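One chain, chain A, links the two complexes that follow: it is found with chain B in the first and with chain C in the second.
What follows is the complex of A and B.
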């Protein structure tokens, strides 16, 4: 594993007591702040205003199909890792109206929805989710097919990343080469340090906007020992992950296993409930539905998050082509780890571990991939 | 539009609590719009005025529990162009299908002062066991938006946008935290059909399965997970034996845990 280092230029220190200043500076620049909070026994991303709304002192314990929050003595702000759902709902909402139309004589009038121009600052984005954001950027806002609503929201985004000094129980970003330290795609990246009762953040600007914001904050130059301590923590996090996927070879290995009997064994446990695709930060599939009102005078086209686990997903004229759960689970894992490579030249899985934690029956993509490829 | 004859709608009641019919009355804002587009030809719960059949749409509430009803449903089928069952009773036999797991005469002798007057069938069965059903609106009670969507779709000659996938997808889209994963509360959401908007998980309760089995319900795997969550067998039986107890996947699962 390559050694994780912090850049030697531009890195500064923000004391914990000045953290609210960072939030205020963003609010003053017109950003709506979204960050992790505790709700219903889990971390969710919601609108925040003040530092004490963050999950102060909480730590998450994740395992397949199980999630618990525990309180620690240390009053960390970002002691928990990722939220129960990803950030994608803010850029690619679960449901959205694409257009509506009203009857007008013999024709109809189309009404486009107002573009969403809210400036959002995401506070506490982890490296895995940054990688997912980059994936969505490529799929939804570059190339031939542009999702303009995504592009609009993305343009107005400010990203405050947080490097992980403690991986969650189901994380495997190190093996997917997407974490635990953020390397690109952020405006600011923080490393939260809590050593011998000193609580501060190493702040790394990643963009012009990030640098400009830092200039407004009461920061200071870091001591060499502080940089070293942070680097040590990050490396410890990288080597502390228990799950891995051989990201370099998995595509080829899995592709040869299309007819493996193990898919059937997984399907015996899989509920085809779709939770794994709903929580995944890289899934982007949607269903598009046309509807009318009772009078037939108004119509609308609505889009909502679909999942390759539904029967309808693979409906083509005459019926569904993936009727068995075996074929649906296989589609899901193959898309993440094999087909995505062919489609977009990258992995569709960033190793965040959400699908493992939030699968109601604890099906673990790393374990199933291992069973399928390393068996023999 | 005025020249076009308005389609006629009838609402029929069998063994049920009237809750689903009330969902139609509960449409309030939409009800006026519905009344403008269709003739509510037979809906005793709402009006005594009855227009003779045949009917374009028949909404059928309730299950078949008496020999008389088993006859009546055939008459209704003959009068209806499109027959839609509404609610868990009509689509799966309802809560009264709990009798199907016992001997009905035992209940009759306990409940009624003069059991001799009671003429009832041994089982409470869904409408589809008796006649062809064109569409099912699930739920206990049904969801009024699904009802309005069905009527709008029918009036406008399009397919209704009513899914058959899991409650979990609605739950996640809503932004809920999964109660089973975060708190170990057993939840039937993964094997239950969408439609309620994940009502119970939104209030930190496990799903009770009101909308019945989803398109590919893996009840066996879910029940095995309940066991890992230390849910006793008796409770697993009770969970699957609710409003949709007699829907086949739920029935089989409850029977598998009955010792």
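What follows is the complex of A and C.
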């Protein structure tokens, strides 16, 4: 594994007591702040205003099919790794109205909704989720056809990344080469340090907008020892992950396993509930529903997240293509690890581990990949 | 942060939203068969130009009910109207059938890859189809006949359930009377005065006059029929890269963004619906792919 280092230039230190200043500077620039908070005993991303709304002192304990929050003595702001939901809901919302139409004689007129011009600042995005964001950029805004609502929301985004100094229990970003340190796609990247009762952030600007914001903050130059300490923490996190996927070879290996009996063994446990597709930061499938009001004068097209685990997902007249749970689990996993490569030139899995944590029966994609591809 | 890639594609961003439908007026309705009908569409204003490749499809929206992918089945040279032949099989197509002349239908498209019109030049052409599978091939037949001198022999093999289920009868009669297109029809069940072939359409392949080494086969029908069609063509010695098939999957967007139509590593809406068999032979026969 290559050594993780921080850049020599432009890196500054922001003391914990000045963290609110960072949030205020963003608010003053017109950004709506979105960050991790504790709700219903889980970390969720919501609108925030002040630093004490962050999950101060909380740490998440993640295992296959298990999630707990534990309070620690250290009053870290970003002790929890990733939220239960991913950030995609702010750019590619779970439900949205694509357009409306009104009756017009025998015909109808289509009315496009107003563009979303809200400036959003995401606070505390982990490198796995940054990789997921880059994946959605590629799929939804760089192909032949563009998802306009995604592009509108994406355009006004400010990203404050947080590097992981503690791997979550189900994480495997190091093996997917997406973390634990953010390397691109952010405006600012923070490394939270809590050593000998000193609490501060190493701040790395990643864009012009990020640099401009840093200029407004009471920051200072880092000491060499502080940089070294942060690098040490990041490398510790990278080597602390127990789960891995052989990201270089998995596509080829798995592609040959379409008819493997092990898919049946997974399907015996899989409930086809679709939780994995709801928490996955890269899933992008949607369904649409057209409807009218009671008068029939107004119609609309609504779009929402869909899941390849439903039977309806593959329905064509005469019946669904993927009726068995075996085929639906296989479609999901092969799409992430095999087909995505061919479709978009990248893996569809970023190693965040959410699908493992939030699977009600604890199916572990890394373990199933290993079972399927590693010969005893 | 704004990525370089996003700004690089700002031209695409200036395109109108591809999810917006364009209302077109139903100019004429043709009742084809008991459950099958054709809609001839024109815009409400005079701005009528609908260029498309034979084999492509449009997303058709019935006001307030829903949207379905339907192949374009008119003559590609007649760009002032759009023709769609539809069979009533679900909620949307049922509602579509109830529409009247003068009503509007929402249209997005054309989408997808069509038949290989250029690769087919100077080749014998085998058109192998069953049932309503003739609809996505009709633009191709028009296209071939408009440029007849560019192609070798043209063989149309068409199968229907019964003689009453034969689609586009008038067109077939017109084509049969030509000396430059060979046509063989067959039905699964003969009724009434039918004196033609009885049996599956794929059985006609072995007796058809075309050069297997210099032909392009275009196949459209139910998947099971296409599977046997491919086998029969292979038996005649037609190479896999000379066989084209048209696939069908659930589609919600038609533009590669909703995920529904995935067939292995491909999206039927943008990599298909027409595929060269050599490109999907490994996945075509897999069940529940």
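Rule of thumb we're sticking to: the second predicted complex is superposed on the first by the 374 of 376 C-alpha atoms of A that agree within 3 Å, B and C clash if a C-alpha of one lies under 4 Å from a C-alpha of the other, contacts with A are read in each partner's own complex, and residues count from 1 in each chain.
As a convention for this text, contacts are C-beta pairs under 8 Å (C-beta built on N, C-alpha and C of every residue); 3 or more make two chains touch, one makes a residue touch a chain.
Here the structure is a predicted model, which means the values were calculated and not measured.
Undergrad: Of the two partner chains, chain B (first) and chain C (second), which one does A:68 touch, if any: first, second, both, or neither?
TA: first
Undergrad: Output check: A:107 vs chain B and chain C. Expected answer is one of first, second, both, neither. What do you get?
TA: second
Undergrad: After the superposition on A, what does A:141 contact: first (chain B), second (chain C), both or neither?
TA: A:141 contacts chain C only, not chain B.
Undergrad: Once chain A of both complexes is superposed, is A:338 in touch with chain B (first), chain C (second), both, or neither?
TA: A:338: touches chain C, not chain B.
Undergrad: Per the contact definition in the header, classify A:310: touching chain B only (first), chain C only (second), both, or neither.
TA: Only chain B is touched by A:310; chain C is not.
Undergrad: Applying the touch criterion given at the start, work out whether A:50 contacts chain B, chain C, both or neither, answering first, second, both or neither.
TA: In the superposition, A:50 contacts neither chain B nor chain C.
Undergrad: Quick check for you: in the superposed arrangement, does A:296 touch first (chain B), second (chain C), both or neither?
TA: both
Undergrad: With the two structures laid over each other on chain A, which partner does A:98 touch: chain B (first), chain C (second), both, or neither?
TA: second
Undergrad: On the A-aligned overlay, A:325 touches which partner chain: chain B = first, chain C = second, or both, or neither?
TA: first
Undergrad: For chain A, what residues appear in both contact lists, the one with chain B and the one with chain C?
TA: 289-292, 296
Undergrad: Please name which positions on chain C make contact with chain A in the complex.
TA: 1-3, 5-6, 8-9, 12-13, 15, 17-23, 25, 44, 61-67, 89-90, 102-104, 106, 248-250, 252-253, 255-260, 262, 264-267, 270, 286-289
Undergrad: Which residues of chain A touch chain B in their complex?
TA: It comes out as residues 39-42, 44, 65-68, 84-85, 89, 94-95, 268-275, 278-279, 289-296, 304-305, 307, 309-312, 325, 357-358, 360-362.
Undergrad: With touch defined as at the start, can you tell me which chain A residues reach chain C in the complex?
TA: Residue positions touching the partner: 98-99, 101, 103, 106-110, 112, 134, 137-148, 151, 154-155, 157-159, 185-187, 206-207, 209-210, 258-259, 284-292, 296, 299, 301, 306, 308, 313-318, 321-324, 326-327, 331, 335, 338-339, 341-343.
Undergrad: Mind listing the chain B positions that touch chain A in their complex?
TA: Residues in contact with chain A: 1, 30, 33-34, 36-37, 148-149, 151-153, 155-156, 158, 161, 163-166, 168-169, 172-184, 187, 189-191, 204, 215-216, 218, 220-222, 224-225.
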